[in-house]
Structures are given as C-alpha cells and as structure tokens.
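One structure, pasted below without further comment.
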C-alpha cells in the first residue's frame, strides 16, 4: 500500500499546543483512499527542520507529502500555493534563531508552486461545509521554509507536495482565554475552528490529493 | 415545569440563513436544567420586533429569556452586557427601514445592563473549549434593540434576561464562498464556528443561566 | 472668554507615547470658536483619575469638556456615544490595578449618553477628509470610566461632555516597528493616522462642539 | 538626466479614485536624487496592462521602475518582495475580465523577487515616521501581474524594479463614508493614510531606490 506523509509542527511562540501536531497525530495510521497515512512532527527549528524532513521523506518514501502548520489569526483552512526562497522570522524559533532576510537555498529559484490540486481541495472543503481559501503566501517563517524545501525535495522524486495552514483550534483559544495570559485578550480577535472540524478537513485534503495518484 | 424562552432572528442582509434561527430551532422543545426550552423566531423588522417579543413573553411567561443573534465578523461567542437606547441601522431591516440616531424608548434610560450571570457563562463556555468574550456593545441594530426592549419588559416581570451574539456558522461561510456571490471574498476575513459547536454553546448558556432560577 | 477643557492620557501599556496626550498639549492655549482651550493630562490610574478630573472641572469651570484617549487597533476617529457603569480591565493600569467586573458608581445608572453633537461632529470630520465613525462602546478601561464619570460630573453643571477615541499615531507605529519590540510585529495590523491629522480632527471636534454653546 | 518610471492604476472596483494614480500624478516631473520622475497610469485591464507597461518602459527607458497600487484594507505602506506567476481575480477588472487560476506567463518561473533595496526602503520610511511593512504576496490581481511582468521586462534591461502597495487614502475613506454607499460601512475597518503622507512615502521610496543607481 502506498504511503502518504503528513507533518505537523511542535508548539511554538509560547503556546501549549499546535493544531497541526494534533492533526498529524490523529491521522497517523489511518487509511485514506487506499493509502496509509504516516503522521510525523517537525521541529520549529530553522537549523533542523530540513534534515528531519529529508529523513522522513527518505524513510517513508511517500506517494504524496502534505505539511500542516498553524497560522495565528487565520480564520479558515488555507491552501498555500507558493513557497518563497526567504526566511524572515518575526519571532524566534524554538532554538532561539531569528534569520532575517535570508535565502533558504542561495542558488534556489525565487519561489516554488504547490503541486497539489488546490482548486479541487477547496471545492471539496466548501462542499463539506468547511470554510477554505487559497493563499499566495505561506509567510516567511518555518511553514514557508518547509513548503519551499519540500517542493524541492519532492520534485526530484516526482512526489506531489503542498502545505495547508490552519487557524487556532477553538479549544486552544478557549484555554488561552481561560488562563488570561496567552497572546490573546478579551479585546483581540482570535478566530478558530474546532479541532474536530480541522481533522475532518485534513481527511478531505488527503482524499482529494490522493485521488490523483497513480494506483499503488 | 418552568419555561425558558429563547429567540433567534430571520435571515437578513441578503444571507440565506441565520445561525441564531438554527439554534432556536435546534433547542426548541429540549429540557435543560429542569426547564422546557421554547425556541422562537423574531422578525428583522424594527416596526414589528417589539410587539412580537412582548407577545412571546406574554404567551410563554418564561422564567428566563435569552435572545440570540448573528454578529457578522465576530469570531467567538459574545456575551452582551448592555443594551443601549439607540437604533442606528447601517443596513436596512427586512422591511426596508433604516432608523438613524433614533431612541428606542424616548423616555427610557440610556442603557440597560444584562441580568444574566455573564462571568459564570463565559467561564463555563471556556471550560467546555468554546471561545467566548464579553461585549459592552450589542451594536445599534435589531439585536441591540431586542436586548434593550427585552430588559425593559423582563424587569417588570422579574425575569432574568440577556443576549448572546454568534459568529457566522462555518457551514454558512462555506456556502457563501462556494457561491462566490456572498458578502465575502477570498481576501476578506470571515471567522466562523460550526453550528454544532454553537448549539452546544447555547445549551451551556442556558444551563448556567437556569441554574440560578428559583426552583420551579 | 469661556474655557473648554480637554484631556489626554499618559502613555500606558508599555507604550512610549499617547496621541491623546500630544493632542491635549498641542491644543492647550489655543483659541477655538471664541473659547480658550485648556489641555490637561489624566493619569492612567483607576484610583486617581476621578479626583483629578473633578479637580480640573472645578478649576477650569469649562463651558465644554471633551476627553481624548487612544484605542489601540482603531483605524479612524471614533466618536463615543455611551459610557457604561463598568470597570473591567484587560491590562493593568499604570499603578498595577486591574478591576474586573466592577461598577464605577455602585448606585449609578447602567450607562450615560454623550451630550456632544455627535452627528454634526462626524459630518464635519468627513467633510474635512478625515475618516470618523460612531461608537456605542468606549470599552471598559479608563477611557470609558472617564466618559462615564465626566458625564455624571458635567450633568450637574449643565456642561456638554463627550469622549473621542483616537487610533495610534502613524509616527508611534513607525517607532514601534523600528524598535521591533513593541506590541506590534510585521504580520499584525496596526492602523494609524498621522498626529497632524489627529490634531486637525480635534480642532474640528472642538469647533463643532463649541458652536452650540451659549455665547460666553 | 536619468529617468525613473513610476506607475499608478486607474480607479477600479467602483471606487471614484485610486491613491496610486494620485501619487503618480503628484510625482510626475519631479526631480529626485538626480533623476527625473515620469509618473504614468496603467489600466486595470488584464488584457492591456502588459502592452502599456512594455510601451512605457520602451519609451522612457528608465534607470528604475516602481509600480504603485492600492491594497484595500491594508493599514500601512507595503513593500512587495515577490510577484507570482498567477492571475486569480476575486473581482472583475475594468473590462469585466476575471481570470481564475491562470498563469501570467505559461513558461515563466513560479515567481520573481523584487530587485529594490526593500530593507533600506523600510528603514527610511520608519525613520521618517511612516509605518511600513514587508509583504511576501502582492495578491493575484493586477498589482501582482504588473510586478511579475515588470520584473521579467526589467531583468532583460538590467533595470531595478519593484512594487509598493498603498492603503486607502484617508480622504477617500472619508468620502466613501460621507456617501454611505461605498464598500465600507460604519462597522467595518477601513484603515487609511492621508494622501500627503503617501506622497512623502513615495518620495522616500524613490530616494532610497535611486541612491543605488549608477550615476547617470
């Protein structure tokens, strides 16, 4: 059976959890569209994410790779269309590094386009009652770096590859508000979706993306 | 058995649905904390909402009244603390009326404070993993008018009374995006929560509010 | 010559400046519509603002009082229409106090309405090319407390009274971004207007408000 | 004397004006850093912008080209770092065209990076008290198409090239609010900067960008 690799990220920015990690854990081991899902975690660490990602791709040899990450302040599922050759961190990663204005691959192209069927993914999410939008920028933090690097690594293998940004989990926002010491306060916007809806969204993303794979 | 009246609103502003109407329908007939829930609909009509509300209060003679309404652009459950003596409509109601800068009750007080246990409601929602905030303004449209009028009508009866604003339903945002002709586009923010989570939130609001009622 | 009292606030929340303080300083001593402007500073201190405000009203005996304050995240001039009887601080004041869910005047009304000519003020600002909106909530921090208290103190004197919220000053946002350590980062919204435009706005607010005064 | 070409866009989306057109007009004919500024207008027309842009570059043979455009909802000066090979219009252009998911140059690279000194531009704007941010996405409307196409056309000539997004002009927002029939209403955010501050910003952008040019 073909394998599909998905990754989430560790918590970062002082948050206690990361919905992308919960999704990777929830889907790990599932079978979707005849493929076995392998859900793994990437470090929020600019010095280490690339080697970890490459090792996972070598180990799993997936027929499809999709990264998931948190976009604080986003209000729906966000289908990334481009990764750019830029690391420019507004907040330090978990190892304390803050690269600014730095190329990810000094000799790489300015950007690489997602090879997922973005339009079909969005249509299927909306059909299922889950708000989703396209995005032309995955930012310049580790999510973008992962997308840019993965597109390079996967192109050599002929593996479809893309990235999905998630809003805060509703449960996470509720916990932050309860503590009263999160990055949020009663005045600020903190859009979210329940983790259950985001897991359902991830399954749909995988079904649509895997549908186009050659039969394993 | 004591009755609890809740109201939702008709769709308005060209929308095909209103999550507050779905919540009133979903909870109608339920028993919560030993009370029977009566879920009804209010017209989005400045000339008619007051008489309809008064008739419902007369008919149901509830031990508790809570209005629900949609706050487009809101990102969590919003517990209103005040209704003000002002009708100032940015968009026309369903009968085409747009009162501007007009007192709801020319001789009424400037504002009336909710008599719900707001802090306990918010704590219970957060405990259940549902984001919620306090609000000091229910706007100046029909939601505020309903809260202001209801607080006047209920004070005379000694009935606790308040108002809860809801974000868009996720399913509603997905439908609007699918049609591509709603008030939203791919660029704009449209925070939402699934209708299922909002129904759960309404149940919690009712449980906490009814807990303080004298035994029926 | 009649006097008009305006107040701004000290910086707070770790900010180095407060546009309302700059406006009070810029207009202090000016003559507008035949009135002498007295611009003073209020402390961001729940325990002290009331006495300072009362002392200023006693000392200046103004024909008109208008408070100014910063609303972080606001994008235009905001004309407050109500002050509510609630102190509920999301961030501590400059003395470290964070009253939560507390009445400002235990025996006071739920809210008091501004006695400024709000519609005429907004029309004049828009005519001058300055974006302005009405607001039905001045929050539940010191700005609201000042408005609520001032409306009570001024009613007894027959003095028109209101409150204007300001966005960040553009120069202030630029300084915060330059330092890279403010409450803002490259991703977050931080709407602003230049201090020069806000001073012009304040002059218009005063002209329109003073126009209705009995000739001194 | 070397020439510098700047372009603004026609009004679109039902707006009566476009701050980028006002800036191009205001700077046309100025001398900045020893260069003559040529300010011209581009049509909001996907079928025509490219030929008009190419004709202008041929005619003016500039030592530097910078496009300006409006980003509705933006709150500061936005320095674009990438143009992507995608036209995906949420609203029709002025000729009624709405390309969706379409490559600008079927054989072109996924994206092209701005060749302006972005970091120096931002530093100079902040130093002058003007809020500015970097952006990794110019969207997928005509602004992005102009940036992507211009980077291709200018690369062949060795001409530095980039794009600056502007917020609404404050005067424009005030006019829209006065009419009460714009894309805005009293509830919605509409951040803006005065046209005067945006003209000053454009001069700084040109000074910093022209500083790096070989002496003409």
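Just so it is clear, A, B, C and D label the chains in written order, and each chain counts residues from 1 on its own.
The rule is simple: contacts are C-beta pairs under 8 Å (C-beta built on N, C-alpha and C of every residue); 3 or more make two chains touch, one makes a residue touch a chain.
Computed from a prediction, not measured in an experiment: that's the story for all the values here.
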item	value
Self-contact between copies chain A and chain B, residue sets same or different by half	same
Chain at maximum distance from chain B, centres defined as averaged CA atoms	D
Chain B-chain C separation of Cα centroids, rounded to whole Å	31
Distance from the mean Cα position of chain B to that of chain A, given in whole angstrom	36
Rounded Å distance between chain B and chain D, as computed from the means of their C-alpha atoms	44
In chain B, residues with contacts to at least two other chains	134, 139, 186
Residues of chain D that touch chain A when the two form their complex	81-82, 84-86, 88, 101, 109-113, 119, 134-137, 139-140, 144
Chain A to chain B touching residues, read off their complex	75-76, 123, 125-134, 170-171, 173-175, 177-178, 186, 189-194, 197
